[in-house]
Amino acid sequence: MSAVERILSRAVKEITPGSIVNLGIGLPTQVMHYLPDDFDVQIHSENGILGAWKQAAPAEMDPFLIDAAGAYVSLREGASLFDSAVSFAMIRRARLDLTMIGAFEVDAQGNLANWKIPGKFSPGIGGAMELAQKTKRIVVLTTHTDKHGRPKILKTCRLPLTARACVSRIISDMAVIDVTDRGLVVREKLVDITNEDLQAQTEAELTFATGEASV
Amino acid sequence: MKKNRTLEDAIAAIPSGAVVMVGGFGNPGTPFSLINELVRQGQTELTLIKNDANEAGHGLSRLVENGQVRKLITTHIGLNKGVIDLMNLGGIEVEFHPQGILAEKIRTAGSGSFGFLTDIGIDSEITRQEDLLNWQGTTYKVEMALSADFALIHAAQADWLGNLVYQGSAINFSPLMAMAAKHVIVETPDLGAPGRFKPEQVHTPGAFVDSVVPLESLTSDYGILEHHVRR
Amino acid sequence: MSAVERILSRAVKEITPGSIVNLGIGLPTQVMHYLPDDFDVQIHSENGILGAWKQAAPAEMDPFLIDAAGAYVSLREGASLFDSAVSFAMIRRARLDLTMIGAFEVDAQGNLANWKIPGKFSPGIGGAMELAQKTKRIVVLTTHTDKHGRPKILKTCRLPLTARACVSRIISDMAVIDVTDRGLVVREKLVDITNEDLQAQTEAELTFATGEASV
Amino acid sequence: MKKNRTLEDAIAAIPSGAVVMVGGFGNPGTPFSLINELVRQGQTELTLIKNDANEAGHGLSRLVENGQVRKLITTHIGLNKGVIDLMNLGGIEVEFHPQGILAEKIRTAGSGSFGFLTDIGIDSEITRQEDLLNWQGTTYKVEMALSADFALIHAAQADWLGNLVYQGSAINFSPLMAMAAKHVIVETPDLGAPGRFKPEQVHTPGAFVDSVVPLESLTSDYGILEHHVRR
């Protein structure tokens, strides 16, 4: 399995039946493809969809129906379509159970930075800030290190924050890590790696849960 | 009272320097025909309000590329490198808001109110000290209403009175902008007589609409963007 | 013609083709019955109707469709139905051209009192305050004096105000009076009465337009 | 996830002392069956939020008459002399708001905001000095959001996911309250499987709804009020 496949195949297990879930642009939207076709979930897309589903068949693609990532989605039975004010009311009123979201940086306090790299990347914040600040449970999907091999899981984020203390869990290509009152706790390892080697690729201090699952 | 207008007449009402809201999230809901006519007529120094800048060569991006835009108020322009580059070069002023806050600022204007109290981004870099209000013992961020001189809206269906019905994910900002702008111009490929809609199913009541432009057909602008199709 | 008929038959002339009009509870709602069936107007009712029309035929009365006065209205072609927030957005955004409204008192500055008589009558303000404060043109329909013969058109309202300086025109059973920068100006007399007798029944000072219409 | 509940179970979730929003403007939209069950179960010390108090012997008025209501937040109770008399005797606390302001206070809670700035009634006796805010050189009245523990809603049609469609003038406060309350209980005479509604035509998305109670039939409460028929 590739790093991406490891993240996605683990991430899909976070989605509980009957829940309402937003899948952020990037890795998270790809989680949808790992869901069984009959799975009981309602996917929320912030451009005004509850009940978005996998890409429509070519003959059924509707140019007037995309998700927030631009995909020509289909709709589940029981889907609803609404304006952007209602869509974000749903977010701010915490009617979403789970948001999976990407990260530039995430830290030991559960702070998230995923929208801006000053001087390099500033396309605007989109819906990320409200999703991060208001969803009941935020799970970050991220490679454990950046393309230069530098840790993305930090003691304290250095980039401008999307939201403070919002992240519940981090799923990287190496481990499943929970943000707790006593810092980051490794729940599962997704590769065959020693605790020491995992810590070496992580700036924040890790605690290893007794009996954490291994590959 | 019939609100039908020609494309040319409807857009000619917009002067240079106007503040113009434009519906649409990505392609769906973008009023490409109204925008293309605005490009043709060439009004300048516009302030535009739209969720995004569309993609290069399409929709709102054409107005920017044509030098007609002074300022853009938006949420995310990540799919338009040209506009980002122009912003970084100082060729266009860009004001960003969180997406739901932009929606709510517009909706607040549309409801005839002047601002609202929120906690979104309250401890982030998007909030300045002077935006904060301590009220009854709690600190809020005050977000002011955002109105406009004009709104450009695409509706799937309309009637002569200006009653509108949207489709798919093309609803997005359109009903909010239709309420918030002083003068609302709608394009639709399907204009009919009053009575065609079940009254409960009208998305935007005609009271909010000033001009309805019937489109004979939809150009390729409105079609599938092949590079967004997953193979 | 009765006093009420004089008011209503004059009031209906205020409604211009193509306009959006709210008719307040009491005398104003009755204006609808003076409109020709094909008249081009959209009647707004603050409980969420644009395009309300006269009472439905008995077989077509819908218990789920009333106007703000409780009447089982019918709908014009092109009517729309919406929630109370949208309905009052329409009012506050001044998308109504005209509201006709009743009065306990109205005065020379165009102030209106029609919602509360302290100690006697306080059923709540309903939609009157927003209609009075925000509609482009407010026409008051009222008997010229109260049931005890006391003037209702005053120098200055004594009851709690609904809205300040909001009234453009007063249509009583005796006269049509405009609120202007130089006070109340009588435009028409609806009964055969001398200027002096009309003034005697009016607390506020009246000016008589040269060439005002008479009965 | 099926949200179907029995009438008894749905209402049993409401404790004494709860703050309860109730949809409806006059009869249309009033959830008579949910209210009648609340009368039967007898929870007390309730704070109710509804446009009006219905008429004597009907709907919300029954809860007041049965001594279950501590406070009523409303806009107009002119059609209910009994409630007015009880208010004047001090037997019930009544808080009045302008109708559109009550709607907007509820809508503000429903949108996850905390208050809004308005000028309605700003120079009238309903405004206290401490409600006024000078902000950026202009004086506004601050209206705070109004939320509730429960909302009781009547929908013309629903599906198991809680998607709702309203009819006629029964829309009024219902979609606003469905967004604003922590726990939303819906009654409907027409409950069906997901897929029955065109997605654009859903008035209240199921995400806002917690319980849906199917009604076997509508009682006479829901019928025409003969004294409102003009002869």
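Residue numbering begins at 1 within each chain, and the chains themselves are lettered A, B, C and D in the order written.
Criterion: a contact is a pair of C-beta atoms (placed from the backbone, for glycine too) under 8 Å apart; a residue touches a chain by one contact, two chains touch by 3 or more.
It should be emphasised that the depicted structure is a prediction, and the values quoted were computed from it without experimental measurement.
A.B. asks: From chain B, how many touching-chain steps at minimum until you land on chain D?
C.D. replies: 1
A.B. asks: Quick one: which chain's Cα centre is the longest way from chain B's?
C.D. replies: C
A.B. asks: When the contacting C-beta pairs are counted for A-B and for A-D, which pair yields the higher total?
C.D. replies: A-B
A.B. asks: Centroid of chain C to centroid of chain D, CA atoms only: how many Å?
C.D. replies: The answer is 29 Å.
A.B. asks: Centroid from C-alpha atoms only, then distance chain A to chain C, rounded to Å. What do you get?
C.D. replies: Going by mean C-alpha positions, chain A sits 57 Å from chain C.
A.B. asks: Roughly how far is chain A from chain D, centre to centre by C-alpha average, rounded to an integer in Å?
C.D. replies: Distance between chain centres: 36 Å.
A.B. asks: Give the residues of chain B that touch two or more other chains, as numbers and ranges in rising order.
C.D. replies: 104, 107, 111-113, 119, 167-168, 171, 200 - these are the residues of chain B that touch more than one other chain.
A.B. asks: Mind pulling the residue numbers of chain A that touch at least two other chains?
C.D. replies: In chain A, residues 81-82, 85, 88-89, 91-92, 134 touch at least two other chains, as defined above.
A.B. asks: Show me, using the given definition of touch, all chain pairs that touch one another.
C.D. replies: Pairs satisfying the touch definition: A-B, A-D, B-C, B-D, C-D.
A.B. asks: Quick check on the complex: what are the chain B residues that touch chain A?
C.D. replies: 25-29, 51, 74-79, 84, 94, 96-104, 106-107, 119-121, 123-126, 156, 167-176, 222-225, 228-230
A.B. asks: Inside the complex, what are the residues of chain C that reach chain B?
C.D. replies: Interface residues on chain C, with respect to chain B: 17-18, 20, 40, 42, 44, 50-51, 75-82, 85-86, 88-96, 134.
A.B. asks: What residues of chain D sit close enough to touch chain A in their complex?
C.D. replies: My answer: residues 1, 110-113, 159-161, 163, 179, 193-195, 197, 199-200, 202, 205-208.
A.B. asks: Inside the complex, what are the residues of chain C that reach chain D?
C.D. replies: Interface residues on the chain C side: 45-49, 55, 58, 61-68, 70-72, 81-85, 87-89, 91-92, 122-130, 133-134, 160-164.
A.B. asks: Chain B touches which residues of chain D in the complex?
C.D. replies: 104, 107-108, 111-119, 133, 135-136, 138, 140, 142, 144, 165-168, 171, 200-201, 203
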